[in-house]
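Labels for the chains are A, B, C, D and E, by order of writing; each one numbers its residues from 1.
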Amino acid sequence: MNLLSVVLFLPLVGFLIALFIPRSSPQASRTWALVISLAIFVISIGLPVMLDNSATGEQFGIDVPWIATPAIHFYIAADGVSMWLVMLSTFLTPICVLISWRYIQHRIKEFFAFLLLLEFGLVGVFIAQDLFLFYVFWEISLIPMYFLVGIWGHDRRIYAAVKFFLYTFAGSVLMLAAIIYLYNRAGTFSYPAILAMLSSGRLMFDSTEQLLLFLAFFIAFAIKVPLFPLHTWLPDAHVEAPSAGSVMLASVMLKMGTFGILHYCLPLFPSAARTCAPWIVVLAIIGIVYGALVSLVQPNMKKLVAYSSVSHLGFVVLGIFSFTQLGLDGAVYQMLNHGISTGALFVLVGLLYERNHSLAIADYGGVATVAPWLSTVFLITTLASIGLPMLNNFVGEFMVLQGTAIANFTWTVFAAVGVILSACYMLWLYQRVFYGEVSENVRRHIPDLNLREWAVVVPLIAMMVWMGVYPMSFLPPVSKATARVLDQAQINVPFKVELPRKVEVARAR
Amino acid sequence: MMTAVPISWYLTLSAILFVLGVAGFLFRHSIITVFMSIELMLNAVNLSFVTFSYQYKQVSGHLFTFFVMVVAAAEAAVGLAIILTVFKNHGTLNIDEVDSMKN
Amino acid sequence: MDVILFLIFAIIAVVAAINVVVQTHPISSAVSLIGVMGALAVLYLLLGAEFIAAAQVIVYAGAVMVLFIFVIMLLNAGAESKRGRSYIVQVLGVPLLIALLGLLAFFVERLFPRAVSVYFGGFTGGTAKAVGQALFTTYLLPFEVTSLLILIAILGAIVLARKEMD
Amino acid sequence: MPVNSFFNAGDMIRFLPEIILTVMGTLMMVLDPVLHRRSSNAFGLLSLFTLVAALIGSVYAYTQAGPAFGGMMIVDGFATFFRVLVIVVGILTVLPSFRFLARQDAETSEYHALLLFSIAGQCVMASANDLIMIFIGLEISSIASYVLAGYLRDDKRANEAALKYFLLGSFATGFFLYGVALVYGATGSVNLSVVRAAVTSANGPSPVFIGVAAALMFVGLAFKVSAAPFQVWAPDVYQGAPTPVTAFLSAGPKAAAFAIFLRIFMTALEPLGNSWAPLVWISALLSMTIGNFAALLQSNVKRLLAYSSIAHAGYVLVALTARSDVGTAAAMFYLAAYAFMNIGAFAVVSHLSGKGERYQAVDDFAGLAQKQPMTAAILTIFLLSLIGVPLTGGFFGKFYIFKAALESHLVWLTVLGLLNSAVAAYYYLRLLVMMYMYEPSEAATNAEPLSAGMRAALILPALGTLFLGIFPGWVLDFAGKSSNLVK
Amino acid sequence: MQLWLIPLLPFAGFLINGVFGRRFSKGLVNLFGIGSVVLAFAWVLKTISGLGPLTSPYIEHYYTWIQSGAFSVNVDFAVDRLTVVMLLVVTGIGSLIHIYSIGYMAHEHGPHDGGYYRFFAYLNLFMFFMLVLVLAQNFLVLFVGWEGVGLCSYLLIGFYFDKQFATTAGNKAFIVNRIGDFGYSLAMFYIVKNFGSLDFSAVFQRAPGMPQDTLTLIGILLMVGAAGKSAQIPLYVWLPDAMAGPTPVSALIHAATMVTAGVYMTARSWPIYTHAPIAMEVIAVIGIATAFFAATIGITQNDIKKVFAYSTVSQLGYMFVGVGVGAFSAGIWHLVTHAFFKALLFLGSGAVIHALAGEQDLRNMGGLRKKIPWTFWTMFCAALAIAGFPGTSGFFSKDAILLAAYQHAPWMYWLGTLTAGITAFYVWRAMFLAFWGDYRGHEHPHESPPVMTIPLAILALLSLSGGFLFKVPTFLAGVFPAAEEVENMALMAISVGAGLLGIFIAYVMYVAKPGMADALAGSMKGLYTLVYNKYFVDEIYDAAVVNPTVEGSSLVLWKGMDAGLIDGIVNGIGSLSKDVGGVLRLLQSGNIRSYAAWVLFGSVLVIVAMGLGGGIR
């Protein structure tokens, strides 16, 4: 049994079984979703455990012919980056199940079924090695999310769901054209094979071709990221989505875009990527600052967090287009970090919503008085989100900015403004929601965390701390993969100064 | 051959009749007349077939004409039946008044 | 002689056809159409299509047109009502017709492969025998298949036109 | 000319499906007085049986592949593909018709007989290799369709649809026939192989003449496939015709018309490709654009699907524009996928519309997912396929078409086509939104439970759509092998 | 030597109290909260005694924190003599203040559950981060402590989180510090870009070889960070507001330790600065300007804690002057002495406030000399020290800085001396207002318990004798480059004189002739209003930065750009598509003849296209 395919297909199996659970017993649906998603998570732990860090290239590969002409293979494999993103998906799905336990009150069976289908699509996106297969998963992941937003969302859910779908779909059709074009040129959909052809010079694109192909891919990814100015679907989708939808959307779905840029755009079209890099970086920096500023003035908690995602994801794009090892590693790490900490923020906002049925900041205040633990957890998450050292985001932001600085110090100066602003909007949010006089409404409606909620937040907080304190549990496989990306892109910008092999420090004893 | 007629005359006549058929379709309001215009178009085409048959000294053109006649007859039967039902339900034979479905 | 005959019947055909188009009463149009068909039958004869000429008169001018007139009578269709209009026909109709005629005539005149002249008796392969022979050999398949067409026509007419039987 | 060619056993086998369909159709007319006309599924079952037999017949006929009746027709992979396709379309039409006919209290025997005849005509079209055969097949299919469109003779909308379909169809046929006449005039033959030989020969007819003939035939064919700018009839007819018939019209005659479209343009007129390709290019783009954009505002589902059908014709024309065997194969595959998803969608509409076809509005689909989750789920599959979401036949169809187009360097057409499909997503999503995100409407609440026939009518095309989406290889390989038409 | 134990002890205290504290009795909270800090102090002492003379740094390596390509950062701790000084200050004074807090916090009531345990948990967390800061062996680990103490500062300022002014002050502190951190981070990035490492030894070793421009930029960026943390112009605004926290916090964090981190960091980075004279000049100028500027504000403040807060800003300016003119050890020396006397002043004022049941306004005090003598006498010592009374600790360190400043640029000395005078004036103004004259309040003042007064007494001793006892420059001689030792009795006398003069004027204005101050204020109304309102700096910041940012983001970016322009385009495309659809629908008039006309129209086009267009090969 191939571990990766088990991790991929178990959610699908879970989805299919969930379809047959009778509508009359919602508890069975919930339990099943929890059991299967936990099982998947436990199994997926095998991935990092069994990953051979000394080997280069993808691992856990399995390659089965699917369609003869054109040759489409069911070809999946994972490298250091995709493995962690898969882990992120499998980690968050049980959490989403738990936070939806009481949050979802109608059409429960469908909800959990869609959640599992979503997991299937997301996992697939990260591990597909066949471009066609990649596109298939890319679209599959769209459908359940569309329903999650559209059925279980808030008042303007339909507008948001349709906007989300059309935005993404419009972007991805161009990518499809590019994929087909690539196939017609290369004769295969196999991504490793295409890369091999590119590096051996058997496949070459002239500059216009490369630029157009790059843009076709990039726009699809940029919409998903979302990169300014293609981001306006995100706040709407987030505000309207149910808690679990927001979590999956922010934590994993957005990573599809950045993962795509990293994994496809750079190695496939290195010179186009290089040509466009300054423009994209400008957009990323605008996104960082702009997202933060707009976030600052949001009256709605979810919208605030959504715009903060625009800002955070700007860092990721920035890191990728720094073309430095540090920047790329940081970008990947930041993807994971954002997944955990913004996911946690959405979880917590969801908990508040579940209690008080409002997302408006103005409807809160003084929550810290009545729900100290909830507030503490929220505070830790806030701190993680604004990049406090020893929590996860700091490491990622540091690496991204450091990598960018090595490439171009001016970029860093502008991007780092975002770090200041993130403190502004998050702390202001925290102040308005948790501090201050406690109103009667808040006192009556907001109890502290219950056991199920503890089970949700503790793993998240633990991950934030772990990833902040000891990132080397996660980074080595990432570096391995990103080094390959840089290598394939042949654009590794070395440090400007000759580095000493390793700074020898005097050791005690 | 002094009295011979250029074959293009026949073809031109066919074209004229065809266009007149089209004109009938466009300008007549009575459904029956419109339908007759279609028959006129088919007749025009038949003339072309026969003319070409003469040109190639082949009989096949005649066969095509024959088949077209059969088709025309069949169309006539069905078409008139349709017109009957329309008249029964809509109470009109004005083609412009049969436009309840639009946009 | 051929020219005169052609011109006479061509003119009859065209005038009758114009009459089909300009008459507002369906019955007038139908009668004019019969005129067109008759004229065409003569032209067919000139082209050496004896069988077709006969069939034209019997099948077309006879059976089909009788059907038309029958329906006109059945529905008691008087002069057509002029209600309703089509702007696009009013605006584009005539220019488009002229364009179509011009194009077709132009191509026929300009591009007709080999200039062949027609004279009566120039082609005698259009006898009933010749047609029949072709019909039951080369064109057997279409001939058989047209029987299906007739069947559908009958069935269709029954389906649409019969009264509720019970 | 040996008379005994009529008794040529091989020819008869090659003509087997048409024979089966005709004979059984006639038998039904004979049996009509014998069997009780109403409240009986006998004719439907007989029809199904006939179609299955014809299906087997088609496959069997393929074992005797080759030209028949002196080249009048040809049984090749291409013909077999389309024969099978139209017969499957027939099966998929018959299934929802059971319930439909019962609900509308309509006669069953004539309905099924006409259906079988129409399919027979389409089989003729699929295998014809001669313009006169094509013409006759076209007329058989069309005349039967005219009647079917007006089958509910007390329904004003059906009358109107039948009238429009009939008048405009005949009108377009006139153009097509004129084109055939000109081809005959230019080459002295209407056999496609002979025409091709004449066109390619050095002292052949003027290509301009052939071009005009091609233009006139193009008018007729484009009309039949409802491609712009000859699409005007489709929305009205699709809206007015009884829903199962609409489903049939949008798939069967269309597929057959595409079959002759492909055969004429990819064999006889293939040498003129450089002159007609721009035309098809424009027509494809216009069809996609007009279909998709006009559909955005539709509130009647049948009309909406009609516009969508115009757009889908545009996609198939993209494949034709590619002018390659790959393109032909893509078009074939697409038509197959389209048949499944579109008939399926119409079947759901038919199921929901109730007696007298009252519920046809998009709003009537509101809350269907809560009242009949199964129906909604199946319609979702069709809609996703129509949008072009992976793992559905519609996606692979689009994929192959645009792949072929890109291979032929039609980059702009591809990009515009794909953007069009993004626009299209909007109006399909409206239906999804209605079904899943609104409270149940009157129609959804009153929807009758799925009958066995209806269940089969929904599940079968759904399975087909998924099958083509997940394992497209089988169908595609066959299409690929068959796309190299005899030239 | 288990250096990690030093910060981890308070961290353990934080964890225990943070998680379980709510269920603990106060005694148990004290046990863990104070015990851990005292233990840490003890461990520091043991460590120091075990390390010997420490002529070179002692480094402990723990693990690799971040590694990517050729770049890596380790979690390393190091101890050299500078660290030793800081460790002793932090844990020593920290212990005292923790003990003091038992008494002080006993009667404080935070929101919800009183927050006693919370207070100690935060305080322990602060100790942890502060110790990490001083023990760090590279810029990044230092930054961990740097940000961490900022966090604790934020939490403790906002300790009374149901009070909006407190939480706002907390936010302000955090955000202004973030602006400083922005500079510090950029400095780190630039260091890595040029040095390839963040490790102190590696960077400092290679600094001399670097181009001066590079070092200057790094120096100035580090300076921005230091200015944020140590409340220098233009980022000082948060510190006065930070007094919203409980008074022990003001003493520990906002006087003795955290705010001096900027000075420590700057001194630590001396190898960079010594090769970047421009950066040093900037530091010195900003330092002296802050010292003077804050001192002037201090004159007019009526809140006893605000007076000392501005005094802290001002004194930090002195330290910066010291560092900026190259007298690193003098700067650190002042850091130490300032820690003694300023902590004492704050704790003393805490005792006063405590005695008056929360009263902080000097105008409502008076005559407390008799009522709370312990507090008075201990604060008296501190006030002497800060005024630079000869022999006290402040005298030595301030003098060292001023003399070094004179060497560097005489105008700095003169301005510094003037500031010293003002400092003496406003501190003694506060002393006179609080302890002399008649009692103007209503509460019945009562002396604090021993648990508070004993730490006060210890600090008073240190304030008086710190200058003799701890000859910091001598101790640090090996750490910093040797500064020229200068003895200039005249200058020394002048500065001492300035201090005494300040005390004297204060005595005259507030004890001898009580109405004089008001009269003076009235005669210079404009100037007084300006200074009283702290030069309207907060208001200017609000008007120039904060409000435009918020309003601009809301109106221009969010509503204009996002909802208006971008979404407008997106939705516009949507409605445009529908409009196009609407037009196309009109083709479908339903009229058969029109349809036929369309077919004809299409036919003509097709024929033209095929016949005339591409048809002719």
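As a working rule, a contact is a pair of C-beta atoms (placed from the backbone, for glycine too) under 8 Å apart; a residue touches a chain by one contact, two chains touch by 3 or more.
This one's a predicted model, so the numbers in the text were calculated from it and none came from an experiment.
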Inset, instruction - Identify the chains adjacent to both chain C and chain E in the sense defined at the top. - result: B, D
Legend entry - For chain B and chain D, chains touching each: C, E
Inset, instruction - Can you give the shortest number of steps from chain B to chain C, where adjacent chains in the path must touch? - result: 1
Inset, instruction - Kindly work out which chain lies most centrally, taking the average of its C-alpha atoms as its position. - result: A
Inset, instruction - Based on C-beta pairs in contact, work out which chain pair has the most and send it over. - result: B-C
Inset, instruction - Work out the mean Cα position per chain and let me know which chain is farthest from chain A. - result: C
Inset, instruction - Using mean Cα positions as chain centres, tell me which chain lies farthest from chain B. - result: E
Inset, instruction - Mind checking the centre-to-centre distance between chain B and chain E? Centres are C-alpha means, answer in whole Å. - result: 96
Inset, instruction - Measure off the straight-line distance from the CA centroid of chain A to the CA centroid of chain B, and report it in whole Å. - result: 66
Inset, instruction - Using mean C-alpha positions as chain centres, tell me how far chain A is from chain E in Å, no decimals. - result: 35
Legend entry - Centre distance in Å when chain A and chain D are each reduced to the mean of their C-alpha atoms: 44
Inset, instruction - Check each residue of chain C and list the ones that touch at least two other chains. - result: 84, 86, 89, 93, 97, 100, 103-104, 107, 112, 138-139, 142, 146, 149, 152-153, 156, 159-160
Legend entry - Shared interface positions of chain E, touching two or more other chains: 585, 588-594, 596-598, 600-601, 603, 607, 611
Legend entry - Contacts with two or more other chains, residues of chain D listed in rising order: 132, 136, 139, 143, 146-147, 150, 153, 162-164, 167, 171, 185, 208, 212, 235-236, 426
Inset, instruction - Pull out all the chain pairs that touch, please. - result: A-D, A-E, B-C, B-D, B-E, C-D, C-E, D-E
Legend entry - Complex contact set, residues of chain E against chain D: 574, 577-578, 580-582, 584-585, 587-588, 590, 592, 594-596, 598-599, 601-603, 605-607, 609-611, 613-617
Inset, instruction - Please give the residue numbers of chain A that touch chain D in the complex, ascending. - result: 23, 66-70, 107, 110, 135-140, 142-143, 146-147, 150-151, 157-158, 161-162, 165-166, 169-170, 173-174, 176-177, 180-181, 183-184
Inset, instruction - In the complex, go through chain D and note every residue touching chain B. - result: 132, 135-136, 139, 143, 146-147, 150, 153-157, 159-164, 166-167, 170-171, 174, 177-178, 180-182, 184-185, 188-190, 235-236, 239-240, 303
Inset, instruction - Give every residue of chain B touching chain C within the complex, in rising order. - result: 1, 3-13, 15-24, 26-30, 32-33, 35-37, 39-40, 43, 46-47, 50-51, 53-55, 57-60, 62-63, 65-67, 69-78, 80-85, 87, 92-97, 99
Legend entry - Complex contact set, residues of chain E against chain B: 585-586, 588-593, 596-597, 600
